[in-house]
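Shared between the two complexes below is subunit A, which has subunit B as its partner in the first and subunit C in the second.
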Partner chain A sequence: MTLAPGSRTYPAGPGARPSLRAAFRGSWVWYSFLLPPLLLILTFVGYPTYLAFEQSFFTETPTGDVFAGTYHFQRLLGSGLFWGALGNTVLLGVAFLVIVIPLATIFASMLNRIRKGSTPLKVIYFLPQLTSSVAIAIMFNYIFQPDWGLLNGSLRAVGIEQVPLWLADPRLSFGGSRAAVTILAVWSGLGYFIIVTLAGLQSIPTDLYDAAAIDGATPLESWFYITLPSLRPTFIFLIMTGTIDALSRFADLWTLGGPGGSPARSLQSVVMFMFQQGFENSDFSLAAAAAVVFFVIVLAVTGIAFWGFLRREFLAIR
Partner chain B sequence: MRPTHLLMLSTALLFAVPLAAPAVAQDKTPVTVLTIGYPDEDSTDAVTGTTSPGIGKLEAAFEAANPTIDLQITNIPWGEGATGYAPKTEAMIQANESCLYEMPGAAAFARRGDLVDLSKLIEAEGASFENLWGPQITTMRIWGPDNPKGLYYIPNNTGERVIHWDATLFEHYGVEPLSKNPTLDEIATKAKALTGTDPVTGKQTYGYWYQGKYAVWQFLSIAHSMGANWGSVGDDGKMTVTWDTPEYLKAMQWFVDMAKYAPAGALASDSMPEGFLSDDNVVGIIPEGEQGYFIQPLIANPELQKRFRSSFNLRGADGVGGVATISPMAMASSCENKDAAWTALKWLAGSAESQRYYFESNGRLPTSSKGAEAIPAIASFPDGDVVLTQPQFAEAPYPWAAAQPRWAMQTALEAALAGTLSPADALKQAQAETDAWIAEQQ
Partner chain C sequence: MTAEASESIDVAPAAKKRFQLPTDWRSQLGMGVALLIGAVIMLAPFLWMVATSLSRKANVSLPRTPSFWPPDPSFFNYFIATANLPIFKLYVNSLVVVGLTTFGYLFFSSIAGYAFAKGRFPGKSALFILFLATLFIPFETRMIPLYLFMGKLDLTNTYWALILPFLAGGFGTFLMRQTISTIPDELIEAARIDGASEFRIFIQIVLPLCKPTLATLAILNVIWRWNDVLWPLLVTTDRNLFTVTQGLAMAGRSQGVYTGVALATTVMAILPVILAYLFLQRYVIRSVVSSGVKG
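On to the complex of A and B.
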């Protein structure tokens, strides 16, 4: 048996493992490095999360907080506004993932084949990811203005007079407000999805393609029968992180739709609902209840994705 | 010098400087203020060349007039969403970070008991109190836990809403100019006449305009002129809001009908029409036009003054109408230097210097009697009488202006304008959502 330099061996057999204290004593330097970020997480994530959970069970009154049990959860679950915002969030998230993942796979596959100039293209595709979502939303606000926006102006310039109303149309249509924000999200997020997919592509052993070529597989058949199945963990990762991002969508929708998710709440997400209840209506208990329900939903999505899809991969690399 | 001596000296200085610093400012009483949306530094508009003084000018003018008070201003931008003024104000109130607040949502904070009832300070001052704000001191009283008709803020400046109209388009179509106090019928007739192809330029023009994301204000102004009344706040603080009435239904039907004479994308707009204050303007009548933002360029350009005119906003039978766009200045209950803060609040809301500053920095208009004399440029404006007196005819501020009744009505109105709900159904939806919110108010 060969050991890496600096690694330790322990005698085999029951009771021979080092005690927790001994293990800690040997690694205290590394734990101390982890301590500052842990404290920051506890202060700025853990404590506010605890406060949100606590607030959801109390009602704020001028004389102090009064215990309210599950009252605010009942209000929340009976609120059409909450369900509308949740439905919107899910709809926009699904539309985004359904478009962006296939598109990213196609682009990444093409980039993977390019021998020269792929790096500048990767940088260009990734740039929107580095741009502030508010700045992007302001830019798309100009693009999607129905009367004088860049997109409709271009359509009119090529002779199309019946142009979509985009941000002025709350209907569920390909030329409505939801379609506009989906295009924005795809433009903004595509670069990240391409880079992750490209990393997945480059981790596929070339032997598989060589074997397929010997067996007479066409490039398209190799793509369908080797590339796509091999990208399964990548897709699962993207679906998981993309779902969590889509559920917590806020800044761009707020910038385009204002506090009420204009027009006619067609752009209101769950986080916007929470924000509006808390900071516009001063109903912090309802906002906290929404935050708790949202936390549970995200936890459930992550749990299902992990136990259903990723556990096998994690076990495989142990 | 040895390194150890240098270290000792540095350490001694490190402790000595903070200890010595307060001694310098000890003879002044500190008063902290949160202001919103003023320039941090002096700046010059790249297009008009208009200069805007930074917030430091206001602080310096105050301290020159009140040498015993150290005014400490925290100036924040209006912002959007999570970085907007609302969460920042909330955070500062909860952390007792400021004594005075420019506070657009003052009514909600007053209901929570976070603000000082200024009427008690006025009473304590007795005859020496100089009322520079006239009847606003009475009309702006709202409900608070310690006084059902308390005065929890004084306006320090205001925007205003007027009816803008493009005299050139009226001329091109041969339509009589809009009167100073137009009626709904006059607006409807002339808006229809101004919609079409401009006989002179050949451009498509529109008779009417509304700012989609803020359409609720125009709607309320229309409805009030048709006799609608949103409701009231009782002595017990309970609010009654009635949206689902025949008057509001008639107003919404009128608005939806008039929207046909506006550009199709108006619902997506959050500002004046594209091209406003330029030769590219294609909109004839702009009810609920935002005057404040445009006074400075109009004053700077006499040609624009002739083309872009102002008429009074719509009024109801009570002689008032249109949203009050005042900026409320309030004092936090947690303020430790209330006497000095009260002196500062009166100066910030009433003095000629402060009123001049608000106008020069942001185009905000005066709310106190000293303001007009401080800004003579407005008086010489062609529609100067409209600009100077319109704020006096605005409705009393709506206590729900930053709460669910507004969002409920705005959303319902958007749906009606987009055609996804009938006006009757839209009002029912707004009423149901508002009732649900009211039921939760303490």
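On to the complex of A and C.
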């Protein structure tokens, strides 16, 4: 291509060219910079996304694709398996966030106030975040082993003899498989939530606390009336990213329960449902319909959080 | 008694001056203990895993009371694990895939970021919005069509399938555009007047000024790609192309009954990442905080 970036090395030769053409030629440099990443994005992001939407409205037949209208969506929304997977995903996500955010706030507050040792503690808390979900899932598969696993062994050591079955129990209970994977998620996600909350805490101006202290507020009072309200943007951010991560949960549940999310589909997430329908059952249209619904849900979550965030936070600044 | 009491009264003020405890030492101690208990809970699974992986007996039976020291320390499980799984081959695969995607992602993100930050050309904002729009498309939405598309291109079971979809993205482009925008125009203008091409300006002036952001992006990309398992599960079924994480996932599901061997495999799979993290922890944590993106 003559538009190679190097051509810019020889600017406007002898005999001035029309300025419009010079400007046009200047643009080509930038277009040539953008072309490779643009092509990659169109090919590997845009085109497959388009295909997902298209596939959800068509049925594949040996003679070509046949328009199916909303048939696949009706199939999807009439499928108990899909609702089960969506229900699991939402339940696990809500349980995770309800536990991890208060826990992270308490730990971050303590890390923020402690005088010594906060750096090594941060490094330790953050460690699971660097470990792949697959490795964590394999590790916890044995930790949750009812007879000799680390967790039940520790419970027995402190005198609890009626130990739960954890991953072997598909029922919805505090000692069942869903509780187990929530413990796993909190253990592995806590570090990230702590680090982000800590950054939020450190951005609170200290004169707010000084003023409160002069007014005679106890440390606990200033935590309730200054710290928590100031962390609002942090919480919104964590809830938003945490919800999206929870919706796309896959690797740890797949490692523990296979694509079907055993025991008894109690651990099947939406992404695992798509994986199973598309990859194992080759029901690409149903997988595509699920992918479209998934896309709409994620977009709605992002939109709601973003809109709520913009409305309060940005109006406050103005 | 009285002598002792009077003595302690005399000594007390001097002692107080020498070992001065913080006035809030009670709350400091309480918080320290709570945080230490938390740290023990975070570390215990790792330590238990290492101890169990070093015990040959763990494949048959484990004590009902968990032990953090193997009763029969040996590397037996590690030999079996390396015999079952070509772990060093998997390391090479992961290094190739993670290395190339990271290099490509940094290059394409920064060159596009440069164009969006400093370029003047028609359609700039429309193109930028197009790049940003990819941020709102979750990978899971397009994974099945992308897998079918890779099949049509005849790229499944190649390194390309693991690399190509992750070379360019909205997040990196956005981050690089933000960083490059802060570089003063005068610097770039001066180079232009000296006759440097835009590409040379990009390589010799812009990139060196973006080192911290490039490091952030590299760290995040390495974490994402190293730990990804969903996409490799779809496009690679050839054992010789497995990444570490995928190999671990497959092994974890097949050798599950042999606790010691499975945990030895897991230890080998995560050890390099953990060691790298311990050396780079400051940068890793800073990257995650500054970008607001989870590792």
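The rule is short, and it goes like this: the second predicted complex is superposed on the first by the 262 of 318 C-alpha atoms of A that agree within 3 Å, B and C clash if a C-alpha of one lies under 4 Å from a C-alpha of the other, contacts with A are read in each partner's own complex, and residues count from 1 in each chain.
In this text, a residue touches a chain if its C-beta (ideal position, glycine included) is under 8 Å from a C-beta of that chain, and two chains touch if they have at least 3 such contacts.
Keep in mind it's a predicted model, so treat the numbers as computed, not measured.
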Subunit A as common anchor, with subunit B and subunit C clashing or fitting: clash
Which partner reaches more residues of subunit A (counting touched residues only), subunit B or subunit C: C
Touched partner set for A:A168, first subunit B, second subunit C, both or neither: first
Partner chain(s) touched by A:A264 [first = subunit B, second = subunit C, both, neither]: first
Partner chain(s) touched by A:T61 [first = subunit B, second = subunit C, both, neither]: first
Contacts of A:F140 with subunit B and subunit C, given as first, second, both or neither: second
Partner chain in contact with A:N281 - subunit B first, subunit C second, else both or neither: first
Partner chain in contact with A:A251 - subunit B first, subunit C second, else both or neither: both
Subunit B versus subunit C as contact partner of A:W148, first or second or both or neither: both
Colliding stretch - subunit B into subunit C, listed as 76-84, 220-228, 256-264 or 382-390: 76-84
Contacts on subunit A seen with subunit B and repeated with subunit C across the two complexes: 134, 145, 147-149, 250-251, 254-255, 258, 275, 279
Complex interface listing, subunit A residues touching subunit C: 5-9, 11, 26-27, 29-31, 33-34, 36-38, 40-41, 44-49, 51-52, 55, 107, 110-111, 113-117, 121-135, 137-143, 145, 147-150, 153-154, 156-157, 187, 190-192, 195-196, 199, 219, 237, 241, 244-245, 247-248, 250-251, 254-255, 258, 270-271, 274-275, 278-279, 284, 287-288, 291-292, 294-295, 298-299, 302
Residue ranges of subunit A in contact with subunit B within the complex: 60-62, 75, 79, 81, 134, 144-149, 165-171, 250-251, 254-255, 258-260, 262-265, 275-276, 279-283, 286
Footprint of subunit A on subunit C - complex, ascending: 22, 27-28, 31-32, 34-35, 38-39, 41-46, 48-49, 52, 61-66, 108-109, 111-112, 114-115, 119-122, 124, 127, 130-131, 134, 136-149, 164-165, 167-170, 173, 195-200, 202, 223, 226-227, 229-230, 233-234, 245, 248-249, 252-253, 256, 259, 262-263, 265-266, 269-270, 273-274, 277-278, 281, 284-285, 288-289, 292-295
Touching residues on subunit B, where the partner in the complex is subunit A: 80-82, 84, 86-87, 90, 105, 108, 111-113, 145, 212-213, 263-270, 274, 402-404, 407, 410-411, 414-415, 418, 420-421, 433, 436-437, 440, 442
